[in-house]
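Got a structure for you, questions after.
First chain written, first letter: the chains are A, B and C, and each begins at residue 1.
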Amino acid sequence: MKRALPLYALCVYGFLHVPLVILGIFSFNASRFTVWQGFSLRWYQAALSDRDLLESSVNSLIIAAVSTVLATAIGTLAAYALWKGSSSAGPRPSRALSVSGNWLSASFYLSLVTPEIVTGVSLLAFFQWIFRFLNLRLGMHTVILAHIAFSVAYVVIVVMARLRTFDKTLEEAALDLGATEWSAFQQVTLPYLGPAIAAAAMLAFTVSIDDYVITSLVAGVDSQTLPMVIYALARRGVNPMLNAVSTLIVVALGAMVLLSERLRSA
Amino acid sequence: MSAILELRGVSKQFAKHRALNDVSLAVPRGAFFSLLGPSGCGKTTALRLIAGFETPTSGEVWLNGTRIDHLPPYRRNVNTVFQSYALFPHLDVRGNIEFGLRRGLPKNGARDVAGLVRRVLEQVRLAGKESRMPSELSGGERQRVALARALVLAPDVLLLDEPLSALDPLLRKQVRAELKDLQRRVGVTFLFVTHDQEEALSLSDSIAVINRGTVEQVGTPQEVYCRPRSRFVADFLGAMNWFDQAGVRPEATHISRQRPENGACVRSAVVSRAIFLGSVMHIEVALGVADGAQEDESHTAIVQVAPNGECFQAGDQVHLWWNSSDEVRFPQ
Amino acid sequence: MSVFRSATRVRSMSRIRSIFAAPAAVLMIATLIIPLVIVAAYSTLTRGAYGGVELPWTLENYQRLIDPLYGAIFVRSFWIAGVSTLLCIALGFPLALFIARAGSRKNLYLSLVVLPFWTSFLIRTYAWMFLLRDTGLINSVLQAAGVIHQPLPMLYNDGAVILGLVYGYLPFAVLPLYATLERLDKSLFEAAADLGATPGSALLRVTIPLSAPGIRAAAILVFVPCLGTYLTSDLLGGSKTILLGNLVQNQFTTARDWPFGAAISILLLAIAMVLLLAARRSGEELL
């Protein structure tokens, strides 16, 4: 069995990675058929000059950037508040707060557990209902709000995990030496959380950039995101330009992940 | 008495470090045999080699007349009591003890699993606790389950990897006595690994003192304590005062204010402090370079006296004396 | 003095906690609680003439779920999610075992599993379209090699959906399995070997029982998203494979029957919550 296991692992890794590698290889295929007919960059040229793709990419980046920043901030603070209120951290919380703490963490659970499609339709219903009172329509702003909504729970998980390994007596020492709660958080806890916050931000960014289901429901007709355009192309059948786009995205995201891993372990 | 377990010229080389260097040992049948040495001396490596979790780089391991060093652990008739006990958390006490029995026949051929389990539980005095889970047991009870689990398979040798170190000090002495009783009753050869010389001295029929991968001395507790064969052994078992090349035990060193006229060996010193230990008092002294003596290897000595004897205080000028027959010397 | 100080300390502490938690609380209420309440409400209302909802209140939408037509979709969704989950666990367990035993290269191997997850799920699903379709790579290669003469219909069926789901969610299974395996006391395996168990026997009698919490976590983490899947069944299943997720999407867009879509959504949510609560009782703490 000792030799079988590494062999098996190799097969599974192959299963996981080969499809994308093949996609990448064929993005350089000169022909639009699945027969290799020479090396070419034409599909990349086509992708990079396609207006829909470019516009939607910009939209996606804006949405991801804004929602990542806000989700990370909101989630980090919430994780800290929850951690403080739990028995692993500070002194006994007052009754009211521990109850409210519980409902908040329960809502994060709910957010993670709810199937994407349900989140999407519930947000759609909510927006449509609200728009009876406000004179608004679906657009980038609703997408951003939706993205923040489903990203925050991921941020909380990542930051919470890091908090669990944080020695609370460090904060107590800071207080003992004269710092206020806020300063202690800023100068002692926050630096410790740095890597986790970065990781959480990256997670939120990736989840936002890639989201199709929820975005397609709340985006309305005017704003297209990159996944929506990709989906439309994929729906129509295989498009070699899509191979190029896919490869670009995979490489870009992969590079980002590697870079952040390098930064984290540095 | 024939040897049930033998290491013949065993060496073990790890990537950057030689753990065992040409070690040869013969463990007599039915003995309580200890491997004693400081952390990192190789005693645990030796144990793991015998159990089958490591293979020797060179040399042979023989058990009961058969060579076993190439066999995996599950084919060797030795069983281990791990330092952390390693009880299976998902099985109760009975399940843990039965674990090895489910595989095949124990040596005595009987297939009465329930009876075997019952008997071994009585031997370790855990009868009635069959359905408890490991998490519900105390440290001492867990150790007994680990013992029972290993003993029920009737191994040729039982290996114990520092089994008392996980217990709190109060419990340790009591468990020590029980362990010795158990071994006498059951008659199985115990190979006991420890860094605690008091444990080794009080429990063993034979001790192998190991230092940096080499066996320095093998002998009875009396032999290794009273007639150490190397400086390391002398220092490791109990304390030793070194006056030039001569070693004298603190209990054989005497202290007085007047210079003694009885013809014994003498050294002058100044008291550093007196440490009260309950049944004895240790007087720490700083040795002077006096009486034409050479540069001393050790600059302090300890004298063991009765706790209610003469009072010494820091700064007192005293004389240390001992009989030359109490000296231990080693050639350079 | 110390009592006074600790009282004010607790007060200002709880003030900080409230301030920190407030944005998240507002967000969760506005974007999770209220929307789900709305959906629950819609599920008991009636479909409006031009889409949307109107009175009267009714349980008709839930009754429609029992209709054999929709029942088939139900069964199919459960079947596909169940098979995918089993495959993910069966395939993921040996891999998690491999990584847990890999010594110093653990992190490398773990990253290799997680890396595909970081790239786009949509694109990874598309990759299988590229491979499986009639004019796709696999068929081209097989035809060129003379193994087959007609293209194998590998796309647009349940099998393709299961393949896509397993491909997408395998990392979700490997991670909790690895976490559990990695935390197991190594000396337990040595003890098993010492007591006579061969490696295979130790696997069955020690490793697998002790990984039960990880297996449970992996099952939930895979089954719930698979049950509500939309993209995979849409792209890889074609029009033949309509699962619960597709049904909901359909009701909220083309079919314009929001109350019915809401009812299905509530049901999906209820199933997910029941499973999660069952898992939490066995102690897997996420937050």
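One rule holds for everything that comes next: a residue touches a chain if its C-beta (ideal position, glycine included) is under 8 Å from a C-beta of that chain, and two chains touch if they have at least 3 such contacts.
Note that the structure is a prediction, hence the values are computed from the model and not measured.
Of all chains, the one whose CA centroid is most distant from that of chain C is B.
The busiest chain interface, judged by C-beta pairs in contact, is A-C.
Inter-chain spacing, taken between the CA centroids of chain A and chain B, is 57 Å. Computed centre separation for the pair chain A/chain C is 16 angstrom, with centres defined by C-alpha atoms.
Listed in rising order, the residues of chain A touching chain C in the complex are 1-2, 5-6, 8-9, 12-13, 15-17, 19-20, 22-23, 26, 33-35, 73-75, 77-78, 80-82, 84-85, 90-91, 93-94, 97, 100-101, 104-105, 107-126, 128-129, 145-146, 148-149, 152, 156-157, 160, 175, 180-182, 185, 206, 209-210, 212-213, 217, 227, 230-231, 234-235, 237-238, 242-243, 246, 249-250, 253-254, 257, 261. Those residues of chain C that touch chain B in the shared complex are 185, 187-188, 190-198, 201, 205-206, 209-210, 212.
By the touch rule above, chain B contacts chain C in their complex via residues 51-53, 72-74, 78-80, 82-84, 86-90, 99-100, 103-104, 149-150, 153. Put simply, chain C touches chain A in their complex at residues 6, 9-10, 12-14, 16-18, 20-21, 23-25, 27-36, 38-39, 42, 52, 91, 94-95, 97-99, 101, 109, 111-113, 115-116, 118-131, 133, 135-137, 140, 144, 167, 170-171, 199-200, 224-225, 227-228, 230-231, 234-235, 245, 248-249, 252-253, 258, 261-262, 265, 268-269, 272-273, 276, 286-287.
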